[in-house]
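Chain naming follows the written order as A, B, C and D, and within any one chain the residues start at number 1.
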Amino acid sequence: MTALLTLDGVSRRFGGLKAVDDVSFDVNESEIVGLIGPNGSGKTTLINLITGVHPATAGHVHFDGHDITRQRPYRIARLGLARTFQIVQPFPRMTVVENVAAGALFCGHASDVREAQAIAREHLEFTGLADMADRPAATLTLARRKRLELAKSLAMRPRLLMLDEVNAGLNPTEIEEAVAIIRKIAEQGVTIIVIEHLMKVVLSISHRLVVLHHGQLIAQGTPRKVVADKRVIEAYLGAKYAAGNPGVSN
Amino acid sequence: MSTTPTLSVMSLQAGYGEVRVLWDVSLEVAAGELVCIIGSNGAGKTTLMRCLSGLLQPSAGSIVIDGRPMAQATPADFVRAGLAHVPEGRRLFSAMSIRDNLLMGAYLRTDKVGIVADLERIYAMFPILAERQRQDAGTLSGGEQQMCAIGRGLMAAPRVLLIDELSLGLAPRAVELLSETLRKVNATGVAILLVEQDVMNALELANRAYVIDHGRVTKSGPAMGLASDPAICEAYMGLSKAELQ
Amino acid sequence: MIYLQIAANGLVLGGLYACIAVGFSLVWGVLNVINILHGSFIVLGSYVAYFAYVHLGIHPFISIVIAGGVLYALGYVVQAGIINRVVSAPVLITLTLTFGLDLILNNTMLVAFTADYRGITLAHPLGSLEIGPVFLPGDRVAAMALAILLTILLYRLLRDSTIGRAIIAVRMDREAAALMGVDVKRINAITFAIGAFMAGAAGALLSIIFPISPLNGPVFLGKAFVVCVLGGLGSVPGALAGGLLLGVIESFTSYWLGPERAVTVSFALLLVLLFVRPSGLMGRRGYE
Amino acid sequence: MRSWLALAVIAALVAALPLAGNNYALRLATTVCMYSVMAQSWNFIGGFAGYPSFATAAFFGLGAYASAILQNHGVPMVPAWAGAGLAALLFAAFLGGAILHLRGHYFAIASLIVVEMLREIVNTLPDFTGGGKGVNLPLLKLSVTGQAQFFFYAMLALAVLTVATTIVIHRSKLGFGLRCIQQNESAADIIGINTYAYKTAGFSLSAVFVGVAGAIYASWVNYIDPPDVFDVLISVKPMVMVLLGGLGTIFGPSIGAVILLLLEEAVWRNFLTIHVAALGAIIVVLVLFLPNGLLALIRERSPTKAMAK
């Protein structure tokens, strides 16, 4: 297995606050990695560092042999790195199909707007949004907007897809549907990083978990091993709770 | 519990646009009680706090303070009714002095003598704030900022103090100190409604607790009795204890 | 020592610039609205002082209060009645709105007072002041002193009064301010009115120095822009420093390159500054 | 296709105007075409990309002066117009690189200051530009009516070209990208749009035709001076027209141009001294009550007859 994405000592400060502190890990080709951690642990900041939204204050990020540490976001996107946002960010006054077409058009997979729209419709089919194609994006329900984010990212034909809380705010049925779509994407060979606070979802789809707490990487490994890790339980439930529950190992 | 609660929330529903966050929340805080709400990230705790401070209008249900319904109330109405809010992330006015931050807490009060007396009381409670009262609030450490935020809340002379995420991002030592102070505040008769991530810390501090999961109260009762309840593990990690092992 | 004289002239001018800009800066910082009306507000203040002097014999220095009061009332009404309706709208909307309001006010003044330049010739000028090699007209120095005094008074008001603290609180975090019980809409209107008061007061002071005409509105607005970007948004000490700096810069460019280039240079400076440091020389980064 | 058809029909109808109208009508029509050029141009940066540019007057004045100076140095009129367009284009590309990283108020101010600065520069270079006294342009050897018709057709051709460009841009990758930027710039960045290059392109497009319009205007009126061609109102009126007609639409800006000119004429005739205040009142009413434009009002009433493509 070869590493598609490599983080090497990546840090980011905001004023005095170390939002991400010396984080290193690899993501291999065709892997699904769950990035977890309690509220405010720096997960979204880390994604922002990888995608070039914020420049890292230290460390290096390599993607598919390219050093992308200080690249502009649009260049990183064109290399095949796509993401969705925790707070969905559609182009609200464009139609659903236009939103997805934008992804296809600007990453260079379509030569003109018309071709991009054709590609977009395929992805809408895949994500089950075909019926909504010509409606303004702003009129979709949250669950569908989340799927629109997915379709938009897929239209960029990413090699690595980062999903930031795609299930937040969804009901159980919607979550099941979303998970099914994520699995289908993975089957096509796309490498995936999921940020997710629903532990059941992460456990069921990830090959490997990476845990952040206070901006630091505190554990990584197989899902089973990680969730039983004392430091992880401490991070989620507090030290006293972890200490008072001897069933927890390590 | 006394017969007429100071704060009572009934079947509250709320959200942002079409995104419903609170589905059904009912809770009560009696005079002088220390109640905590626990639940994971995204459970709806902060949304509940926004409703309780007038920043967000609930879509259904009611909030009653001392028998007075708070429908359509503004944040100022909530402060006047006796609810002061210590928001998540503290939200101090960072380029304003500590003293001015505290005085902002007393914005709606007109009893000058009482304000001065309360200011002294806060300084006695948190000597570090007295020492640095002329400094900008932004220069304080996290724990000190939380003290300042609690002090600012108390300056409104509330009957109920709402605290959103007491320990978030703070060192254990600072949390212990703050917990100690909250007990003292509570002993002076101010009821406290605490939202907290650190489960054990919250349960040790509170008389009673509510567990919120997915916008609903899933469990409530005396705090210590809840400590070993499986509902907590479920609420926080989305896994039952059995699944964890 | 010609340079001392030039610097002194610049500082006198700069004190007045600070007073011109401070209200504008406050409104921008707190409401996030660029008040294009500010220049016309200043001119209106000058007219109030002019007529008070010509018809009632009131010294412009005393008219500060009258002009300020008139503008305060006007500012409150304009903000609470009109601008508050769109205060959180995108820039295009708020900017176009205050621009439209300015067209109305400026045109009304043109009709009412004509475009003729008027001036106040004081019956009892203060004579000139001599400090070492530097000569300065006494009235100008007095006007500058009053301008700086007003600016400092505004600073104290913001620091020491309950309303002032509420204004600062709204500027820093309007939601947290609301949690303290602050009525944000009312604070918006008061802030705008205070900005207008400062414009009126500045106008009264300027009436003894600059010719008075509605055509000067945009000139004053331009100064306010430059000072504001030099000093950073919404900060009173920033406006004071920015004003003095602009005064000195203009004074020296007038001397070296001719008075007609002073404005060009200050604008060029502004563009360069916006390019390298959008938050101003003294402003805090990331704070809009 | 419908857009092209509409453009052809409208252009043909307007082009037939000299057959029916008098010189007054012709003057109005020329002005409408000029306004239309300015509004359509502003729409590229303000409507598509959502950047509140006040630089229109800078491009207009720059074009007028560039053409005047070129002609006074012996360049024939039409090549001088083209030179004016090129000057405006290059200036915008250069300026865009400097100020398009600013957002919101800061961008608006920077673009406004550029107008003031160009005016001051022209004022302070009397040998080159005529300074505050202004500059005369060569007269055309044509009858009064002939001149009126010539400049009308010139302005009309430019307006048609501007609208045609709008139609092309609206469907192109560039127009698509600019609309993405307007709706959410950071999301645009993340899907692979080189936002900086796109914004600069949009800004340059908003300059080139305005520069030519300024040049034609200068030849039309024969004499220009700084307060005339660097008037801030030249920057503001296009914004009002686009707001009237609908941001980011194809024909909206031109329709707004017609509406604004008719309003102006009515006000000019009846309230000469307060026509600026009347414009102000129009702006205030527009912003407070019709922020989506008059056309949006009509569209809301009859949703089936939606404009656009």
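In the analysis below, a residue touches a chain if its C-beta (ideal position, glycine included) is under 8 Å from a C-beta of that chain, and two chains touch if they have at least 3 such contacts.
All values reported here derive from a predicted model rather than from experimental measurement.
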Supply the minimal count of touching-chain steps required to go from chain B to chain D. 2
Highest contact count belongs to chain pair C-D
Please identify which chain has its centre, taken as the mean of its CA atoms, farthest from the centre of chain C. A
If you average the CA atoms of chain A and of chain C, how many Å lie between those two points? 49
If you average the CA atoms of chain C and of chain D, how far apart do the two points sit, in angstrom? 32
CA centroids of chain A and chain D: separation to the nearest Å works out as 44
So that we know how the chains sit together, what is the shape of their touch graph: line, ring, star, complete or other? ring
Just spell out which pairs of chains touch, all of them. A-B, A-D, B-C, C-D
Within the complex, chain D is touched by chain C residues 28, 32, 34, 82, 85-86, 89-93, 95-97, 99-108, 110-111, 218, 222, 225, 229, 258, 260-261, 263-264, 267-268, 270-271, 274-275, 278, 288
The chain B residues in contact with chain C across the complex are 53-55, 74-76, 79-80, 85, 87, 91-96, 100, 103-105, 107-108, 152, 156
What residues on chain B touch chain A, complex-wise? 18-19, 21, 40-42, 168-169, 172, 197-201, 204, 227, 232-233, 236-239, 241, 244-245
Could you list, by residue number, the parts of chain A that touch chain B in their complex? 38-40, 141-142, 168-169, 197-201, 203, 214, 227-228, 233, 236-241, 244-245, 247-249
What residues of chain D sit close enough to touch chain C in their complex? 46, 50, 52, 98-99, 102, 104-106, 108-110, 112-114, 116-117, 120-121, 123-124, 232, 236, 239-240, 243, 273-277, 279-284, 286-288, 291
